[in-house]
Amino acid sequence: MAYFEKIQKIEYEGAASKNPLAFKYYNPAEMVMGKTMREQLRFAMSYWHTFTYMGNDPFGSATMFRTWDNHECSMEIAKERVHAAFEFMEKAQIPYFCFHDRDIAPEGKDLAETNARLDEIVAVIKEEMKRTGIKCLWGTTNAFGNPRFVHGAGTSCNATVFAYAAAQIKKAIEITKELGGENYVFWGGREGYETLLNTNTELELDNMAKLLKMACNYAEEIGFTGQFLIEPKPKEPTKHQYDTDAATVMAFLRKYDLLDKFKLNIEANHATLAMHTFQHELNMCRINGVLGSVDANMGDPMLGWDTDQFPTNIYDTTLAMYEILLAGGLTKGGLNFDSKVRRASFEEEDLFLAYIAGMDAFAKGLKVAAKLLEDRVFEDFKDKRYASYKEGIGRDISEGRADFKTLEAYALANGVTLNTSGRQEMLEAILNQYILETK
Amino acid sequence: MAYFEKIQKIEYEGAASKNPLAFKYYNPAEMVMGKTMREQLRFAMSYWHTFTYMGNDPFGSATMFRTWDNHECSMEIAKERVHAAFEFMEKAQIPYFCFHDRDIAPEGKDLAETNARLDEIVAVIKEEMKRTGIKCLWGTTNAFGNPRFVHGAGTSCNATVFAYAAAQIKKAIEITKELGGENYVFWGGREGYETLLNTNTELELDNMAKLLKMACNYAEEIGFTGQFLIEPKPKEPTKHQYDTDAATVMAFLRKYDLLDKFKLNIEANHATLAMHTFQHELNMCRINGVLGSVDANMGDPMLGWDTDQFPTNIYDTTLAMYEILLAGGLTKGGLNFDSKVRRASFEEEDLFLAYIAGMDAFAKGLKVAAKLLEDRVFEDFKDKRYASYKEGIGRDISEGRADFKTLEAYALANGVTLNTSGRQEMLEAILNQYILETK
Amino acid sequence: MAYFEKIQKIEYEGAASKNPLAFKYYNPAEMVMGKTMREQLRFAMSYWHTFTYMGNDPFGSATMFRTWDNHECSMEIAKERVHAAFEFMEKAQIPYFCFHDRDIAPEGKDLAETNARLDEIVAVIKEEMKRTGIKCLWGTTNAFGNPRFVHGAGTSCNATVFAYAAAQIKKAIEITKELGGENYVFWGGREGYETLLNTNTELELDNMAKLLKMACNYAEEIGFTGQFLIEPKPKEPTKHQYDTDAATVMAFLRKYDLLDKFKLNIEANHATLAMHTFQHELNMCRINGVLGSVDANMGDPMLGWDTDQFPTNIYDTTLAMYEILLAGGLTKGGLNFDSKVRRASFEEEDLFLAYIAGMDAFAKGLKVAAKLLEDRVFEDFKDKRYASYKEGIGRDISEGRADFKTLEAYALANGVTLNTSGRQEMLEAILNQYILETK
Amino acid sequence: MAYFEKIQKIEYEGAASKNPLAFKYYNPAEMVMGKTMREQLRFAMSYWHTFTYMGNDPFGSATMFRTWDNHECSMEIAKERVHAAFEFMEKAQIPYFCFHDRDIAPEGKDLAETNARLDEIVAVIKEEMKRTGIKCLWGTTNAFGNPRFVHGAGTSCNATVFAYAAAQIKKAIEITKELGGENYVFWGGREGYETLLNTNTELELDNMAKLLKMACNYAEEIGFTGQFLIEPKPKEPTKHQYDTDAATVMAFLRKYDLLDKFKLNIEANHATLAMHTFQHELNMCRINGVLGSVDANMGDPMLGWDTDQFPTNIYDTTLAMYEILLAGGLTKGGLNFDSKVRRASFEEEDLFLAYIAGMDAFAKGLKVAAKLLEDRVFEDFKDKRYASYKEGIGRDISEGRADFKTLEAYALANGVTLNTSGRQEMLEAILNQYILETK
């Protein structure tokens, strides 16, 4: 049956359209920098926010009531949810999905039953994937929601919880492989601490590394070739999350000699919670060769929690796509809308309106970023700005021929050449002009 | 001549004293954990905040007028400032000082003259060191104040500025060696960016690493055995500083294979600007073996800039000393008061009152931390909390015998054992009791 | 039956006690400034955090399982919860409680049934109050949790929701009266906006004022003489809450001519979310004569949401009690622990340990504040600091005899007299000494 | 002589222009909603940031060296600066300017000389105003920079400083009148506190009100008909500024019965420092009838100090102009660029580039806002959203016929009607479309 009967497939109608249920900027087949928009953007639906978030918040209960949840048993609901999800993705033209193990199937009475339930739902998903051609961008484990993970999973003080988490991740990697997932994500929802007064950070971080190494070994053993990704977040739910930001994760991966096995999944709102811009985090990943995938959403800079809003800020989408294009595109990654409709946007239609808002914002961002790169606006400016490293003493520095003595001799003899303006305001005005004028 | 004629040497009078110009808790010769307080705390005076900060802020001019600045030429002022500084340290019982090159001597018309001036003042300082027994904890370079560093020093887009910075650091290391400095600090005041629109972060970070390698080579060449330290800060003056926090610096050091040459200088206010607690940053350094030294100050959690207040929060000083003692003490490092009197505390007496406030707060913190460790309050709690890693499946994990298959088998067979409470509130109450009751 | 069988009544054992289940500082009968501690502190239990919070957070489900919830029907649970709550208050020596209508009784199928259920539970509570002598500090309405309040209650865009909220408040005032509540609190959980794009702030604020006026009229009509209180909070759950902070609430009350009918209920964590210190908000209330009551908790300055932690920071409790004593004490108000045990403190014993931590922290704060006032430490300093307004031109200003012309004449003739230091560091050191040395 | 010889008058060249020194969107004579852009936007130059900010920051000295400062005596510099400023405004097509007394003339040896100097420069300014037709939007007093104001001006603990501030404001109002200033602004740069330990907030706020009343009286006496404006800011330079935000200022004005004499000058960056959006603060002023004027700039949401950047964010300029147009336009107020070029934008050309960036951003914002209003996009949505207050029980509420009893009767009988979605995501997408498509 159809769950979104009143909604037709969302089509591209162009920037002049007044139809709320149409794309204004996302034109899947349009070519941008040698690929279709569809190929460049690799949009993904987040199973959790789209199909299991019901509008609860810490101060209020569910506002959303979905027809597909209107069934008797939880497994039946889970199956209907699969059908609804694929209908939604088809109609919204979303080519990928991302999921936690616990999003797709409810926990059973024990791990064995839980795993059996996963298998049952995975079969349904595979059918739908086959029917629609929609693919799995990544899978992951929810090892933070169940009370057993109250003190963490891989960093729990309880060794049996570590074991349970390992078992859960094992299964999640298996089903991600089964579904052809192109990546597998680790987000350490409770991997952190509430207070240092009771925490052995050294032991916990060592254990985290052990868990990740086991995951690498197991993936190799079963031939899972998806990319492993770590998703940084600085806080929430725990007071301090170990995977604070891109730099912290890279420090961890280098320390435990895991850098060749992992890339990062950068979420916009996690960047802002860490007091970085989204672009900053993407840039840090790009120059370190670890940009894996992107959780496309938006935070509210005035609020201190993870609002996971649909991304509608054109500056953010433009500058994100700018870094992504500079990095050579998303390759195996994608733009996963780890975004939820506002609690007050509780109608089913809002799901479509929100995805349209986000997809259009990124489509526009892609086009602006591509134009900026084609015109080499910022690239030429930067090349000129750093030109002094291409000749003379600068070239000596770049090529490793300088030391303190030669540089001192140079400075004593020559002083410094004049600096020139950084031209920030002009560059911001040009960015505005490109955003407003790129067609 | 004496500059602080009205002030006598500050003496320990005990907790009942009502004399503002006496220590209530800092009793230099008192033994704590096998050393004197003086040896444990290794207090240092910051030359800049104490002797060159005049009360300016972005909205107002100097409020402080010091008698030692009342001389005709800038070099005469610089010399008198040395005398005043050592008189101050003697009277305040501060055994170490820290300095930037530009704190102690004014820049000359060119680098040669500037360096000659440094030599002239260094000679004066050496005399005073000999006379008083006061030592140099660390030296550093101010490569951020002069307009030539507007785009950075080691990360400048202007190669001649890189060269100039290298020359300046070379000289600063030389004079730090000359003064017997036990450490040398790198704080990247302008090593960061204002906008990504004009910045090549990859080139800048590579250059930063080149500069640090040259410093290592030069130190080795001249036989400087002081410890190199990097001081993290996330922002201010630049929008983004590359050395954001301890984790970011460790990622950088590991990437460029510099981790064995550098430790960290952790500043409390820089921690809070990075949205970490002071204790967190010390803890991260401790468990990675890179705790070098400490900039003892305090920020205002409600303000978003580096207020560099004198540290008077007993929780912070206790938990900082707790981490330091766990790390085996300060070794070559110290507690440098990178703290400035408030702009409204503009009288000379305030300098003493402020140092007393900070030294007493750390002295009390030391005693409380020592008692907590002696009683193993938190250590026993943690040992018990993580005991499951000492036996059975936990021991298998710890000792590397577990993998995903064995852990899954364990989880399927055993589930998880019950978690126990983290007891955060009880531990906080115990901390209060120790703070209030430790004598 | 007894729900806390293993816990004996918590007794004062003094600062040397190592018994976690004893008070170290809270000695109910001890006299401080002419009253017993019990009278000065007027501690209250929050029904919601203590008896209905189960450890859920946005990323995880309940961690707490309480024996009194182990009943078949929701009304039975509600009744057993009353018994457990009073047993808890008796054992923890808490003389007051605070409640929302929805804390004490579950909603029924319609408003009539819901109200009937309230009546049924209120009768049980009254019996327990009679049996124990425990009193009601305040009641309030939960007009934010149910999905009908998704767009607000008094500020809803849906007039029938406004009507429903009014009906709910009417009933809540009635039962607060029935229970002898000394105050009634308004916290506008959803009275704010998510986005200005869809919000008529003027209409919403006018409506809010209308609702409050109706409440005043109704209270007068039924002879409810409890104090009406508004509790400010700047954000969460909504992006912007209208009752942002004390100043904003006072602006609102003055605009709508409601200032004589309302006082404020200041919550520490709401202050910090508004980027104010707890003391600041209490001070602003004090000098405007609107300090009504206090929600005693603590936030984490590094986190951007309402953590509602048990207050264990002695600086905060001391400076809060300082303002409260300056204001003449709590009068009808109290110290309500709007505090919840951490999600990881899920054992029943943690409830006691947490209340002990908070009560001891405030007891100590009370004693330190009283000593500071008795010794007039800060008061004398301030008197001297502002002495210039007691004579000469300052007195002319104070007494309204000065104008721009006379002041200009004075300034032209006299310039300004020297400023003296604000002595912040010395005052902070004195505060430390009083905290550490007051017995 | 001409100071900006290389710069021609900045002309509108349209959105396709690649000339950095041309307007792309600001077309002064173009009609928008019945007025020219010039009349709608009323742009003003800030004398301080544009002509006295030299690039200093707390960690570095001046980076900007201006030809007009290249004179021997400070009064000569002040005069040349006037000429440079008017040349700048002419070339940049800025019709208004704003100034502090201390921006235009250096302080003399005493107040009398200082005032005489002001008169001398005012005469030069008047000539230039006559020559160019450029007008004064507002004047103000710098009563925060001089060390005499270390403890505040109107809220100083030193009564002679209060007198001096009064004299200074008197003179500043006089010269503002002389220059035909349409407004006079009060920004309380040091009107706040550093620590509550030494502060009598009640006395300070009472004094502040006294000062403002004297100002009102004096304005009336001399017939100054300009609008008095208060500019809120929450912190910086002081830890806490009394004029925190719009709501706090309104509370103050109502308390002291000054609301009819003052309006507000809303600065974007001060809004964000107070954790409000720019639009929020404008909205609060609009619905309270106190929107006076606007300081057009932009903060960095990741930084905690007043960066005063040139406003280039189209969302901010659109939503600001939206509120301004809803309020009936700027009337006597204007858009004053309280914005400074970045320290690294130190070339004279950057001044023009920055103003162009800001003026274009607001011009575009004006056009988008006007189109949104003409199409009644959000207004129709809101009208429909609140329609329930136009009939039935909602109308009873609106028109004052409802009370708790009638509303309870309604709720018991009718329950609530269904809520509808707030449609935030759709509205954000429409805003994007209007920004991108409005020509």
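Here are a few things to note about the model shown:
Order of writing sets the labels: A, B, C and D. Residues in every chain begin at 1.
Everything that follows uses one rule, which is that contacts are C-beta pairs under 8 Å (C-beta built on N, C-alpha and C of every residue); 3 or more make two chains touch, one makes a residue touch a chain.
This is a predicted model, so every value here is computed, not measured.
If you compare B-C with A-C, the chain pair joined by more contacting C-beta pairs is B-C. Equivalent interface to A-D within the set B-C, C-D or B-D: B-C (over half of contact pairs identical by residue number).
Computed from the mean C-alpha positions, the centre of chain A lies at a distance of 36 Å from the centre of chain B. Centre to centre, using the average C-alpha position, chain A and chain C are separated by 40 Å.
For chain C, the set of residues that touch two or more other chains comprises 147, 150-151, 194, 235, 275-277, 302, 342, 344, 346, 419, 422-424, 428, 431. Of all residues in chain B, those touching chain C in their complex are 15-16, 20, 24, 272, 275-277, 301-302, 310, 312-315, 341-342, 344-347, 349-350, 353-354, 356-358, 360-361, 364, 419-426, 428-433, 435-437. Against chain D, in their complex, chain C makes its touches with residues 110-112, 147-148, 150-151, 156-164, 166-171, 194-203, 205, 207, 210, 214-215, 217-218, 234-235, 240, 244-245, 247-248, 250-252, 254-255, 274-277, 279-280, 283-284, 287-288, 319, 378, 381-382, 385-386, 388-389, 392-395, 397, 400, 402-405, 407-408, 410-412, 414-417, 419, 422-424, 427-428, 431.
Partner chain D is touched in their complex by these residues of chain B: 55-63, 144-147, 149-151, 189-190, 194-195, 235-237, 239, 273, 300, 302-306, 342-344, 346.
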